[in-house]
Amino acid sequence: MVIVMAPDATSDNIDSLVTLVSAAGGEAYVTRGVSRTIIGLVGDVQRLSNLDLRAQPGVSDVLRISAPYKLVSRENHVSRSVVRVRDVPIGGDHMTVIAGPCAVETPEQTLESARMAADAGAALLRGGAYKPRTSPYAFQGLGEEGLKILAETREETGMPIVTEVVDAGDVEVVASYADMLQVGTRNMQNFALLQAVGEAGLPVLLKRGMNATIEEWLMAAEYIAQRGNLDIVLCERGIRTFEKATRNTLDISAVPVAQELSHLPVIVDPSHSGGKRNLVLPLSRAAIAAGADGIIVDVHPTPETALCDGPQALVEEDLAELRDVAGTLSTLMGRDLTPAPGLEPVQV
Amino acid sequence: MVIVMAPDATSDNIDSLVTLVSAAGGEAYVTRGVSRTIIGLVGDVQRLSNLDLRAQPGVSDVLRISAPYKLVSRENHVSRSVVRVRDVPIGGDHMTVIAGPCAVETPEQTLESARMAADAGAALLRGGAYKPRTSPYAFQGLGEEGLKILAETREETGMPIVTEVVDAGDVEVVASYADMLQVGTRNMQNFALLQAVGEAGLPVLLKRGMNATIEEWLMAAEYIAQRGNLDIVLCERGIRTFEKATRNTLDISAVPVAQELSHLPVIVDPSHSGGKRNLVLPLSRAAIAAGADGIIVDVHPTPETALCDGPQALVEEDLAELRDVAGTLSTLMGRDLTPAPGLEPVQV
Amino acid sequence: MVIVMAPDATSDNIDSLVTLVSAAGGEAYVTRGVSRTIIGLVGDVQRLSNLDLRAQPGVSDVLRISAPYKLVSRENHVSRSVVRVRDVPIGGDHMTVIAGPCAVETPEQTLESARMAADAGAALLRGGAYKPRTSPYAFQGLGEEGLKILAETREETGMPIVTEVVDAGDVEVVASYADMLQVGTRNMQNFALLQAVGEAGLPVLLKRGMNATIEEWLMAAEYIAQRGNLDIVLCERGIRTFEKATRNTLDISAVPVAQELSHLPVIVDPSHSGGKRNLVLPLSRAAIAAGADGIIVDVHPTPETALCDGPQALVEEDLAELRDVAGTLSTLMGRDLTPAPGLEPVQV
Amino acid sequence: MVIVMAPDATSDNIDSLVTLVSAAGGEAYVTRGVSRTIIGLVGDVQRLSNLDLRAQPGVSDVLRISAPYKLVSRENHVSRSVVRVRDVPIGGDHMTVIAGPCAVETPEQTLESARMAADAGAALLRGGAYKPRTSPYAFQGLGEEGLKILAETREETGMPIVTEVVDAGDVEVVASYADMLQVGTRNMQNFALLQAVGEAGLPVLLKRGMNATIEEWLMAAEYIAQRGNLDIVLCERGIRTFEKATRNTLDISAVPVAQELSHLPVIVDPSHSGGKRNLVLPLSRAAIAAGADGIIVDVHPTPETALCDGPQALVEEDLAELRDVAGTLSTLMGRDLTPAPGLEPVQV
């Protein structure tokens, strides 16, 4: 932090500040300019922040100068990271598509969705067994039963699975089935959950809070990283604004900005951003063209009967176009589309 | 829900919709007007919402017409509720002040803060033992040690305690010490936590998510109520906007709006809204004048050394004014300031 | 501005910056600290801002330290200003109520609204003759005909009139009838209009842009002040957020914040903030309690036939309560309610 | 509009509403369903809106069902429009790049910027002679002198010019030099200006207000169209949100949404959205991939000395990449990049 003194600040003012900072365990470096004095502070930012330095006599302004996240910052880790979900890479020169149903409903619907996902060019299967819903009267997911369906579908298709966990108390059971743990937008600042997934030994897909700044998003990633898990993929999924024509406002700039600030891969969720099927393809194209490391897309064989977010799911006739777009645009962006594992059924 | 058909919709379009709705377990009531046909729907809103009715041929618009929350709605519960924390009432004709330190740091600091709270007119003591912090490097609270300090302070002062719980797994231990459980702004949609506090047998203070609509806030209360706990107090604490001069933007209109939609008491947190000590008194006055059932305020004996949110804490010289404001304005609003229990120390 | 150099910045980096700043007509004061060097800049902020100093080698951060508005700032003008509209004061120890119809429709409706305004405790009459409307198909106001009606109503009631001007080209005609010119929320950054009202010789009521920061609002006031007109009253009227339950979100904190930053009086518009009649009284109380210098309220004899914003207008039965609230709360806040001029008709 | 009656509404309630609507010049069509009655309204939406129908006895909800803009809507004009600026097309199967300096400063800087624009693939030259600036102390543009420089540059380069007009009173003079009139973000609801440019006989570039909904943006276009000018190009340039890492948040979804609602071409301004040079290329790619009809980009030969928005201007080394991106991505999207007119100087 840096304290900017007022032009008429006295030597006593400055001495008092130095004493105050020292008492809080910090160090103060005074540099006297022609018209103003600047005091640079070293020490615990939180303790220094609590000193209410702005309110001290003679102080004109107080400024923070370094990024508050360390492990996920690109400052000390210039090359961009590649996160692997089993064998599937996310980041680097890869373009990775994740697809599947918003919620796991039945084995048939899940298997059919996985087939659709593969047809759309996906290498990873998404599907929710634990659903955070705004209303207590909405479908809350199948729980462990849903995880079993996902595991069976992985058996049949070979696609690693990405699934959400919504409570620290569920991390162990979800981690016993999943290949990648998803932390959803409403839980981005559920710190107990972040710490739990940080210790679960699996890669994490961290969605941006719908009202979180990019800095707060990186701080949430730092919570996971601090527990020793750096296999984190950031996912932009739209923020809340005054605009009502879309479910959320996709912050497309967040892709290049987060990639510049952090070494973690950044993907985009065009389905939850727009909330409408006919926006998924334009937003997917925008995401890849902006430089995203991947996209995560809802598909459903019969969206009109889906138990969750049917209106935003892609259907059969959209799949070829998505795969084509992902392939062509990725090439243009110098990336390889991570191949779908195919649907060779496991011999029983 | 109501479907508004386009002027050129055909009878086939209408028949198809009726069939679609029936297949989803709903009922459709068709009313044919001169220029348009309107179809009223009865059935499970979630399932109906998934039909993507807007995309069906002939449909012009689809509209939802009833409040999605039932138990906390004022529709079927016209009189406003009074919630009791031990003997201290919140709601009705009462004005209740809750005050205390943002975080419990030491027994001395907590006891001194409780004394300050009582001097400020508070009937309840707030204090955090589990702190959700944006940075993993910030002070995270003393945990159970903090709860013990709060319980000791209650012994000495007689003030019931309000304290935050941040994870469903901690509800049992926090409930064993606390008189009222607080759910913080970042956890307003931590549904596992909402359900856990709904079953804990204690009144709940539910802060509004900093980006939550009033409807979502009431839906979060519905999660608690659905578990059989209707002793819920709503707390407006500022929302996130583009304005940078304040920490958050206090949505003062949320007080009359939430009181009209719900029978639950509504209080205001002027400390976290503004984020600055000099805004606490103006915003407290505004809250009481807008009709709030109470306020919750940060106080600290030495904010310059506070481990959390020092700059927004009231100090000794502010207390008399807050007590005076709370008393005078409450009378003007036809409310009685709930008396502070005083500081008669327990004989040891 | 202040440049914070990176720890590894070289002397050459610093020298280059000094040269760059000098070339742009500025002066650079270098202060070398133990770990970092800080460079204070003096000069034209705009030109310095264009240097893209952040992108220069060795620069860690660039910070602006002084308020960009001068004439309306409280820094050099500590005592709070009183603005007079004819004989009616706004600011200081006064509480001033402005009321009237959103739009002037007929002489009868305007006169009746003026009587209602006076009954509600208003000292000034508001009424729109030029209405900025989102839709080109909405009622746009009576234009000069409306101004004449306002002037006649002033003749009959003695109440000075406040009316909006929406285009620089209309300032002359509006100023020939009005006692105070209003600049509306959509025109807060219509700089040609700001400059024109700055030269019109009348006090100005400057509404905050619905998406303007407080700083931008003060900059807009500075545009008016720069033309030599310091008789400016600021009006908070709600900002745009994600909340849908109210028309806008009244930023009640803007009252104490703007009063601290500027010497200009600050009033509140509870009618346009909430957009609903039943919110006007709670928000009026909140405004006065927060320290506002006045309020501006819509009244209408028959809101159900109003040509503009009927749903938010107060009606006959609300008037006594508003007058009572304004009187009682003002006293509590140490202010005198500016008396209504009464309705003694002018002898013809 | 549609009135949804409450289940317990009486026949008297319904009769009263019909009478009320008739009195306001509207017609009411009553359709009685099993559980509810629906009343469809036909008539002047503004007058009906003022009836405060929601407050009438027996009314459950009131809903608006048709788009409030007519001329710019795609409903009655399904094919997408092509707007021509002299011979340069915008819309249809074209991809049009507009580039130039934020502000016209000198003939040399403008000519050099035009050369850069052409090198970047631009077919139209942008440049501001009248600059709306937040601060009255910032550079406000050269005025007519700047227009003359633009006209001279057009002489030398053949590129038609797009330039902003900020006040209705300036439209005539600006239109006498310009080929396309730009209405800026701060003036999107300056209705006098919209009407004036609607009558100026030139195509208009209408920037979205930084806090305007897409509906309000289309309503602003309707103001221009209502004066008989349908040669309007919409420009998304970022909206204001809580995110601080970018100057504004580019609402990329606005491209497909506006194109679905309106037949007008939609372009994107990646320079003002992000506010940083290194975001311009990623956002340009995203815009083209999302289906935009064009982009408008800041370029400057020496951004470090620019009088306006230097930090976001592209420089020499970016031009080839932008041209390449615009060409390749346009082809992929099935569009032809509108050729730059080149720099063949006019023989004198």
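In order of appearance the chains are A, B, C and D, and numbering begins at 1 in each one.
Keep in mind that, in the parts below, a contact is a pair of C-beta atoms (placed from the backbone, for glycine too) under 8 Å apart; a residue touches a chain by one contact, two chains touch by 3 or more.
These are the chains along with the protein names UniProt gives them: A, B, C, D = 3-deoxy-7-phosphoheptulonate synthase.
Everything numeric here is computed off the predicted structure, so don't read it as measured data.
Student: Going by C-alpha centroids, which chain is farthest from subunit B? Tell me that one.
Tutor: D
Student: Is it true that over half of the residue numbers where subunit A touches subunit B are used by both copies, so same, or is it different?
Tutor: Comparing the two copies, subunit A and subunit B contact each other through largely the same residue numbers, since over half are shared.
Student: Using CA atom averages as chain centres, what separation in Å is found between subunit B and subunit C?
Tutor: Centres of subunit B and subunit C (C-alpha means) sit 32 Å apart.
Student: For subunit C versus subunit D, what separation do you get between their C-alpha means, in angstrom?
Tutor: Comparing mean C-alpha positions, subunit D is 27 Å from subunit C.
Student: At least two partner chains per residue is the criterion; list those residues in subunit A.
Tutor: Where subunit A meets two or more other chains at a single residue, that happens at 211, 240-242, 244.
Student: Over in the complex, which subunit B residues touch subunit A? Could you list them?
Tutor: Result: residues 20, 24, 45-47, 49-52, 54-55, 68-69, 132-140, 166-170, 186-187, 189-193, 209-211, 216, 219, 222-223, 226, 240, 277, 303-311 of subunit B touch subunit A.
Student: How about subunit D: which of its residues touch subunit B in the complex?
Tutor: Residues in contact with subunit B: 2, 4, 29-38, 40, 42, 60-61, 63, 65-66, 240-242, 244.
Student: Which residues, counting only subunit C, touch subunit B once they are in their complex?
Tutor: Touching subunit B: residues 211, 213-215, 239, 241-246, 249-257, 260-261, 273-274, 278-279, 282-283, 285-291, 328-329, 332 of subunit C.
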